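Have a look at these structures, which come just after this line.
Same chain, two partners: chain A is paired with chain B first, then with chain C.
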Partner chain A sequence: MSFSVKSEVNENVAVITITGALDSSTAPQLHEEVQKIIQLNPTELVLNVENLDFMASAGLRVIIFAKQKLGSAVKLFLVKPQEQVVETLRMTGLLFSVTIVDKYPE
Partner chain B sequence: MDTTTELRKFSANLDSLEQIREFLTGLAIKLGLDKGRTYKLCLAVDEIATNIINYGYLKSGITDGMIYVMLRSGKEMLTVIIEDTAIPFNPFENKIPGEDELALPLEERPIGGLGIMLAKENVDEFRYEFENGKNRNIFCVNLR
Partner chain C sequence: MAEFDTRIDYYPTHEFEGIKYRRGHVLPFGATMVPNGVNFSIYSSASTSCTLVLFEKNAEQSFAEIPFPKEFMIGNVYSMIVFDLDYETLEYGYRMNGPFEPETGHRFDKGKILSDPYAKAIGGRDTWLAPPNWDKLYPFRSRLIFEDFDWEGDKPLETPIEDLIVYEMHVRSFTNHPNSGVKFKGTFTGLKEKIPYLLELGINCVELMPIYEFDEYEHSKKDPVTGELLINYWGYSTLNFFAPKSGYAATGKYGMQVDELKTLIKELHTNGIEVLLDVVFNHTAEGDHRGPTISFKGIDNKTYYMLTPEGYYYNFSGTGNTLNCNHPVVRSMVLDCLRYWASEYHIDGFRFDLAAILGRSQDGSPLSNPPLLESLAYDPVLAKCKLIAEAWDAGGLYQVGSFPFYGRWAEWNGKYRDTIRKFLKGDEGVVGDLSQRIQGSPDIYWARGATAGINFITCHDGFTLYDMVAYNQKHNEANGENNQDGNNDNDSWNCGWEGETNDDYINTLRHKQIKNALAILMVSQGVPMILMGDEMGRTQYGNNNSYCHDNELNWLNWELKEKNADLYNFTKHIINFRRNHPVFRNKDHFRNADYMNTGFPDISFHGTKPWQADWSPSSRVFAFMLDGGHAKNGFVGDDVVYVAMNMHWESISFEIPQLSEGKHWHVSVNTEMPSPFDFHPISNEPRIEDQYHFMVSARSVIILIGK
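For the complex of A and B:
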């Protein structure tokens, strides 16, 4: 699936839907989207990743960047990540910092 | 012997990352590697290929660099060898985040070293050699 990133913000909840492969060639697009979202001071960030097929460390770095900019009070949700993506998060210790859900709102 | 070897070269630019993954996935699935381990192999190779493109060739000042990807499979093992002619870059000399760093909340964590860590952790064996002016990164996956 080709890469796309779309975002919307409703009542301080930012939702970013990521489709395709998040590698070093596509991560800058997500980074840019995250930077726009940060300006809006959301209280929750929801990453819709059901159709995210691949995520390399370039993608992890954007998640870390988002978390660092937004601060620990802003909860980060991952909606329906694929098994291999969860495994990568676990391996790198990022799993502790995100909340995995089947749908949002829960 | 039942040995298959496939070689393909790719331009050293970020658009090649997806093509390299497709090349590896096609062959790995054909050889009977399951989806999870194929993904892990692709992830490991992707991280190193990214380093070669973003740092190796860039720092060498080479704009038309190539990445050679060779896949060799026998009965026991699948081996992927990546060669490039950028500056010598030994991934083992790169600092890998320790357990203590990985346990830090994301807000306090230094960014970096994750890619190389993922390269090492996602295959059964990962080696690096520098020979005749070429970097050679070798990834092995046990087939049984």
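For the complex of A and C:
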């Protein structure tokens, strides 16, 4: 699946939908989207990743960046991540910084 | 980044084939991310010019080669900031121009692309044993890493060294066996999954065999008989001192080995387990004059290696070359490296492989006041790290007891291993030595306290504990060197048959000998270290030098935990027994006196008669009593503990010392008894009927508690 990233913000909840493979060639697009959203001071960030097939180091970096920029008060949700993504987050210690849900709102 | 926009030092001043760059910062060495770019800095004293080579990740051809302009060199340091690079996909190296004159120590070759000694990650062996492209122009590629890991509240644990139970382990061997039960076998993540096991066993410190990036294919060869691939499995051959072994990370292929290792360390710390690294600063993977040019050799050979007057490599390490670690520049690199691991990875301490080399001068002679060892001892960042020396080298320098310690260095106590092994197999004339070893070796560490010695009976070098009681001789045929490699002095005894047997008597005796060894280790003053798998009778089938095997010879077979449940349960008990009794964990040496007026001296020695140790040459019995009223200099209370060891082939009745009014002897351990009666749960030890005598069976150890 080719990479795409779409975002919308409603009532302080930012939703980013990511499709395809998040690696060093595609991560800058997500980074840009995250930077735009940070300006809007959302209270929750929802990453819709049901169709995200793969995440490499560059993708991980963007999530860490988002987490650090938004601060610990802003909750970060991952909706329906695939197993590889969950495992990568677990092995790199990021799993405990995000909340995994089957759908949002729960 | 707005605040940087006004800074002139982050504007490009030069352009080369579309790439913008400027003069860089000379320090720190290595590649450092700066606003909009990367600062590159590298030292070379004898080169005539240097070129920065930039690659896209895994690409065969570089996308740019930028020569350092003369004005970018300050002293012997080349530095440059290159703008608009992709941190994620960048790989870089250097070409160094200069003389190729081996007789004067120079081996420059501008045809080679060299890896940065300060690179924080290395590409090229991303996945364990994935076949490399042997023709690659630049096989070991320097990469950048991000330092955005969230440690939360974590920091090094600073556990008092006397309270440690060290578990020496190999990351891959620990979980790579098919029956390990973990998903990502042989990785940092696999180890993390096994933390509950370490906790159950009572371990509070893991010492990891080398995890710096190395080339598992180095010196690889096919075994002439079996056709099996023999590799550099242990990894005592460093490619780069700052980069973790990517092949040990399940996420190494995605470039996340740094994050995965940090996650492991953070999780170990959360569970109260310290992390020591086995570091190899005595040599590198570049071998001698026949070896490959990867980094140091082509950057500044004469600085990084100890060379003979003719320009050949000194070989005090037994592996081809010797790092010139008392050269001021190399010394700084070692310091930078250890500071980096202590601060960025929260490492709790280091065990220095063949550390006697670190005390040799640039011509190889031993120094009385080695600057590197002194610098490490007084370093502000390393101030609370454990520093542990393997106090010998392959050039014949043996410094156990005499290693320069600067008030804090500890060392692997090789004498402990030798004495305990001799005593266990029934050698005569060992009791005097034994009495020193169980006290924390005050004969050799009189000025250094009881914690100067890391006590061990087995380590990765040599037999496993099971093999120590199952083999008289080494059996290293599988290493492909006609059994010529490996140590011949093993002080081992096979209990009556060489290797595996169905003889119940022999197998029972072997298990008892293992328990004897572990019991002595855990009641000794000093810092105990056990080898991974010894708690469940791991065997290497008599191979005492298994450095080259990526197979079941090294992998921990987790089925042994059930098969040898008696050993596992005993080990668990004896570790927790030590952790429950501060009387075994003194920082200072005994004074052989009753300075707390309890009625007993802090330590006393006994034989078959109380207060009369048998020091005669033919003696194979030894008993000692520790008075809990003197535990930790009398600052904490503990029970009285009496330990009797009989390594004679006959049972012997010991008269036991009399306790003060109202106290009684209780039995904690008797290795003669079959499992589960070989030990009794802590605080639930049965009172013995005869308070005056104890029959200590042939080749067994008893521990009594007076309370």
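Convention: the second predicted complex is superposed on the first by the 106 of 106 C-alpha atoms of A that agree within 3 Å, B and C clash if a C-alpha of one lies under 4 Å from a C-alpha of the other, contacts with A are read in each partner's own complex, and residues count from 1 in each chain.
In this text, a residue touches a chain if its C-beta (ideal position, glycine included) is under 8 Å from a C-beta of that chain, and two chains touch if they have at least 3 such contacts.
Nothing here was measured: the structure is a model prediction, and the numbers come from that model.
Chain B and chain C, once both complexes are superposed via chain A, clash. Shared-chain residue A:M1: touches no atom of chain B or chain C. Within the superposed three-chain model, A:G71 lies in touch with chain B and out of touch with chain C [touch as defined at top]. In the superposition on chain A, A:S97 makes contact with both chain B and chain C. With both structures placed on the common chain, the touch criterion links A:E83 to chain B but leaves chain C unconnected. In the superposition on chain A, A:R61 makes contact with both chain B and chain C.
Considering which of chain B and chain C touches more of chain A, the answer is B. Only one of the stretches 258-266, 276-284, 474-482 or 690-698 belonging to chain C overlaps chain B in the superposed arrangement, and that stretch is 258-266.
Comparing the two interfaces of chain A, the one with chain B and the one with chain C have residues 24, 56-58, 60-61, 64-65, 67-68, 87-88, 91-94, 97 in common.
Considering their complex, residues 24, 27, 55-58, 60-61, 64-65, 67-68, 87-88, 90-94, 97 of chain A touch chain C.
Taken together, the chain C residues at the contact with chain A in this complex read 57, 86, 88-89, 146, 148-150, 184, 188-189, 249-251, 254-256, 259-260, 262-263, 266-267.
Looking at the complex, you find that chain A touches chain B at residues 21, 23-25, 54, 56-58, 60-61, 63-65, 67-68, 71-72, 83-84, 87-88, 91-94, 96-97. Per the touch definition, chain B reaches chain A in the complex via residues 14-15, 17-18, 21, 36, 39-40, 42-43, 46-47, 50, 53-54, 97, 101-107, 109, 111, 114-115, 117-118, 121-122.
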